[in-house]
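For clarity, chains are labelled A, B, C and D in written order, and residue numbers in each chain start from 1.
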Amino acid sequence: MLSFESDYSEGAHEKILQRLIETNMEKLPGYGNDPYCERAKSKIKTACECPEADVFFLVGGTQTNATVIGAVLNSYEGVIAASTGHISMHEAGAIEHTGHKVLEIPQHQGKMQAMDLEDYLRAFWSDDNHEHMVFPGMVYLSHPTEYGTLYTKEELQEISAVCKKYNIPLYLDGARLGYGLMAAQTDVTLPLIAACCDVFYIGGTKVGAFCGEAVVFTKQNTPKHFMTVIKQKGALLAKGRLLGIQFDTLFTDDLYFHISKHAIQMAQLLKKGFEKRKFTFFLDSPTNQQFIILENDMMDRLKEHVAFSFWEKIDENHTVVRFATSWATQQADLDELFDLLDSLPK
Amino acid sequence: MLSFESDYSEGAHEKILQRLIETNMEKLPGYGNDPYCERAKSKIKTACECPEADVFFLVGGTQTNATVIGAVLNSYEGVIAASTGHISMHEAGAIEHTGHKVLEIPQHQGKMQAMDLEDYLRAFWSDDNHEHMVFPGMVYLSHPTEYGTLYTKEELQEISAVCKKYNIPLYLDGARLGYGLMAAQTDVTLPLIAACCDVFYIGGTKVGAFCGEAVVFTKQNTPKHFMTVIKQKGALLAKGRLLGIQFDTLFTDDLYFHISKHAIQMAQLLKKGFEKRKFTFFLDSPTNQQFIILENDMMDRLKEHVAFSFWEKIDENHTVVRFATSWATQQADLDELFDLLDSLPK
Amino acid sequence: MLSFESDYSEGAHEKILQRLIETNMEKLPGYGNDPYCERAKSKIKTACECPEADVFFLVGGTQTNATVIGAVLNSYEGVIAASTGHISMHEAGAIEHTGHKVLEIPQHQGKMQAMDLEDYLRAFWSDDNHEHMVFPGMVYLSHPTEYGTLYTKEELQEISAVCKKYNIPLYLDGARLGYGLMAAQTDVTLPLIAACCDVFYIGGTKVGAFCGEAVVFTKQNTPKHFMTVIKQKGALLAKGRLLGIQFDTLFTDDLYFHISKHAIQMAQLLKKGFEKRKFTFFLDSPTNQQFIILENDMMDRLKEHVAFSFWEKIDENHTVVRFATSWATQQADLDELFDLLDSLPK
Amino acid sequence: MLSFESDYSEGAHEKILQRLIETNMEKLPGYGNDPYCERAKSKIKTACECPEADVFFLVGGTQTNATVIGAVLNSYEGVIAASTGHISMHEAGAIEHTGHKVLEIPQHQGKMQAMDLEDYLRAFWSDDNHEHMVFPGMVYLSHPTEYGTLYTKEELQEISAVCKKYNIPLYLDGARLGYGLMAAQTDVTLPLIAACCDVFYIGGTKVGAFCGEAVVFTKQNTPKHFMTVIKQKGALLAKGRLLGIQFDTLFTDDLYFHISKHAIQMAQLLKKGFEKRKFTFFLDSPTNQQFIILENDMMDRLKEHVAFSFWEKIDENHTVVRFATSWATQQADLDELFDLLDSLPK
């Protein structure tokens, strides 16, 4: 069936598959000590223009968030996130499971505002009673956000400045980072992220890999014995090559960026197609996730022919749904979708 | 370089690679809700002769141990293991990280004895002070053990009987299960394991897969909302297909057993080759891991030409090393090894 | 100095002191296995009209909340609380430290509304994605709330009914329970609380004891091996007698209720005194905590002569402060306060 | 009934009671910010000859161990203890509950030997595989041990030297410290302990207080925001005065040492009494706990007239039991015991 349900519906980009085949019978050391991991790390550092970075490969997003946040925070600290942040809502309490509170502040179309962040930090430190409260020990952003929106360069720099002022590390969840970096009018680049953030991850699972996220510590601030922490969290892959080869491929000849750009182009066409047909958008997303408001009747009819994601109810009669493109989306998928939209009674 | 360093040195079995290629562009639901996962579960239940089993796919061994043990134990309980158990020694405290003690009892060539287990349980329950102690809440076995040894059917049944008597679940870590099941004279089968254990896992990572372990709950005893627990532990793969397709392939036409048998045949030849050349074994292993005692000089010379694993020091002049075969080992590897052994001055 | 800073400013009620002296050299079993603990439990069960209750004594409030909530919740569950709940704000993340999220819902003068609770639960269970979210596993109320306000009988019953409908246990934090039960027009009684709640605690520390909170499980629902859980949390007192004797004294001849009533009377006089002098209240509290809005100048002048607690800033020029009475407050304290208020330039 | 069951059978020393009475109605700040806590800290620092020490008061021993160990260790670290250490055996897994493994090494009459410790540390750091193992992050001693035995000055210094060599903090559990310091021929003093250890605690509960343990960080090494950590663990007493007043009293006019000495004298008499009557000792204890081997028949007869503690079975017919003296033991108790022993048929 036609599907825009998610950006993790297919396997891996064909170049990744090909490299897995070519390297398959090489006998390599385990646990990430193979040359492909080394090579991938090196390419990522170059792409980040951050030679002093330290790169680690983990398997999935929730695992990466819990491992990084758990390793950076002290026991008396929590992590500040927008109330719609993935760690706040949709990771089954993985952060709290590591013993830390997610300190929620307001979201604006999925984004945190530097001013809200500063208000929170100022209020905490001026509260006489703060020794009885969870200390803010990290700031978490997702970019793109859970609503497909993007921070601007200025916004990122402002948030980073607040973090520096309060001496609190900034962490960016880049599960869909490629789709953010390749958005049409963004002024945010990988080197800018490396400069603004203390640690972030470059998502592989949703951008062409079978699995894998590349964590980048940018300020010679890797937690001590982080490899053992990864092992302890059950996040250390015996065949680390699986991650190394995938990221090596993604960061060879800018594959990561090319396939992300393709997804964005598909998303822009999808957006125009819905606009042309007078559909309403929940918000204006420049990335690969498009949030459309459907009448429930229309939603039910559509559901029979194309897969998409339920997002949230607006009112009794309307629902927000998500259509996602990816590196794997084809023009033919869009054509089929538009034909379908045209054929359905409104 | 020639290598017998581990059974996770190569990628995946070629049939797995082929299935990944064939299915790559199918649009499938995430998080294990795809038909390949369903099919793989069904085949595993059949192989276990346990239709009421509940099967889950996780990514790696330490992760699986921490997730299963953490989910089954109550907070006041710990898990009993032989002192050489993988969870006791080599998982970086992953079990303790979930809040539970590993209660160590003596090991005999890597194995736990039913009598020691019963002594432990009897002593605990007859101790006036046991409310101040960690309650034994699970028994952990590895099969094959960390020393390549195997339980017999009788031993497994005895341990299982003690567990039943004390109403404590039995868990078997089958990271290398295939190599155990295909050992020459074993009387332990997959259905026997399913009958004796409350939960166990069938290792994929070390038996032909890129990654993946299949957890089997055998007694309609799956912990409540186990899917959410897996998510919370960061162990839920977005592209669950990667695990489903691999296990579906491994359990099609008995591939899992065939490739395991091959590894055993290679191990037997390797063993004979060492025996013939008058090497001494640390213990008699019927599986794919062979533990050989080397003079340190010999070890150093050998190391230059072939990779193997350091295991432990025996005395000032002798060391135990491990040679492992796998599904990927070739006769040519053995020939090269034997030539090497013959060419080295003793 | 004159002080209305808190209800834990003094030691223990003199009758408690006297009983500690009288029993001091008796040789008693440790860890709560002494006859005073037994007697206190029995009296509490009678006062609750809940003969099937199970009573435990812990040392302090945060400890009690973390121990009870941690013991009742499954790992995939969190606890629902009003956003101003003590566990949400002022326990330094003690709940998250046990691995569980505090799921915040709106507060209304410190209270949770049954409707908000039901909305939350309904939304959770109707969310397609709820397997990726923290399951609601308990509801937490404080009574009196952190703002001194009280639930009515009807409100408690409504919340209890929602909990029953969704099969989720209701827990009431009674750190200041005596002051709530003795409030002038409340229709909430100890037996009602025992009927509505699955577990609650009767606060001792703030109501006449040196330390100690009595946890009451009302529905034969004590978590298994709860004594060991208490030990594991470091909450089991070797000299359990210290708690048993105090609660035995508090529940002999209704001492707990008499001294609570005294505190309420003092609070009512304090309230009238402030009202008469045209002070503004932040909200109308029927209990021993009174929240007054002061101009900052006035606050600074007052601070030099009497101790009270900063609560929160209203605006640039105004601050909410708390005056608390307790079992130990004397009429003379009030007289001194009023003289002071009259003597200060407004 | 006559009882030598434990050293926590009575309430508090009468001087403590008296000070609690005298100070009872003083209005004091909560959470340890009162002048009695300050005074007690100051006296303890003086007694330790460690002016730069940082002192905290917690409520009980298991709580103190879990809080200190949990705060000092990094997540990838465990604590080394003798296999009979209190944290290894009798704290219901409180250390593991904080996420850390207790790394057990051999015990010799309850003590750890410097050589065993060094062997362990050397082996860990020379193991190629140590990144997959729990890092040793602290050494735990109890003094007196669980068997009443004592380290000598030389032994403590040796262990301390090993710790320094491997850069690992040394922690001493002094639940019964007074009884150790006042033993007849010990050369270990409080200043020596402060010099050798990075952190230790002076037990109050078993040495004259109702409750309370004084944690001393000796090397300006207090974990950051330790007050908040204490709060988070539920170990922060609202009426901190209860601990401050008790320790202030214990460290006024050397009360702590005088009452400890009395207990030792009583223990020596008890020991002689048993020796004279040809009883056999399990080991030679210089402190307030005496371990006697009884024939089971004798044990059963004795049990009817005097309370003592079961320790462990020796064989089918013999059992080790513990008789404990304390600050509260009277000569008359001993006389009664000896009369009893003389009157019983052997």
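Some points to look at:
One rule holds in what follows: a contact is a pair of C-beta atoms (placed from the backbone, for glycine too) under 8 Å apart; a residue touches a chain by one contact, two chains touch by 3 or more.
Everything numeric in this text was worked out from a predicted model, so none of it was measured.
Farthest from chain A in terms of Cα centroid separation is D.
Of the two chain pairs examined here, A-C and B-C, the one linked by more C-beta pairs in contact is A-C.
For the pair chain A and chain B, the distance between C-alpha centroids works out to 34 Å. One finds 42 Å separating the Cα centroids of chain A and chain C. For the pair chain B and chain C, the distance between C-alpha centroids works out to 51 Å. Each of residues 75-76, 91-93, 97, 99, 131-133, 228-229, 231-232 in chain D touches at least two other chains. Against chain D, the residues of chain A that register as touching in their complex are 70-71, 74-76, 99, 131-133, 135, 224-225, 227-229, 231-232. Residue ranges of chain B in contact with chain A, taken from their complex: 1, 3, 5-6, 8-12, 14, 17, 20-21, 23-30, 59-67, 91-94, 97, 205-206, 210-211, 228-229, 231-239, 241-242, 307, 328. The part of chain D that touches chain B in the complex is made up of residues 75-76, 78, 89-93, 96-102, 104, 128-129, 131-134, 310.
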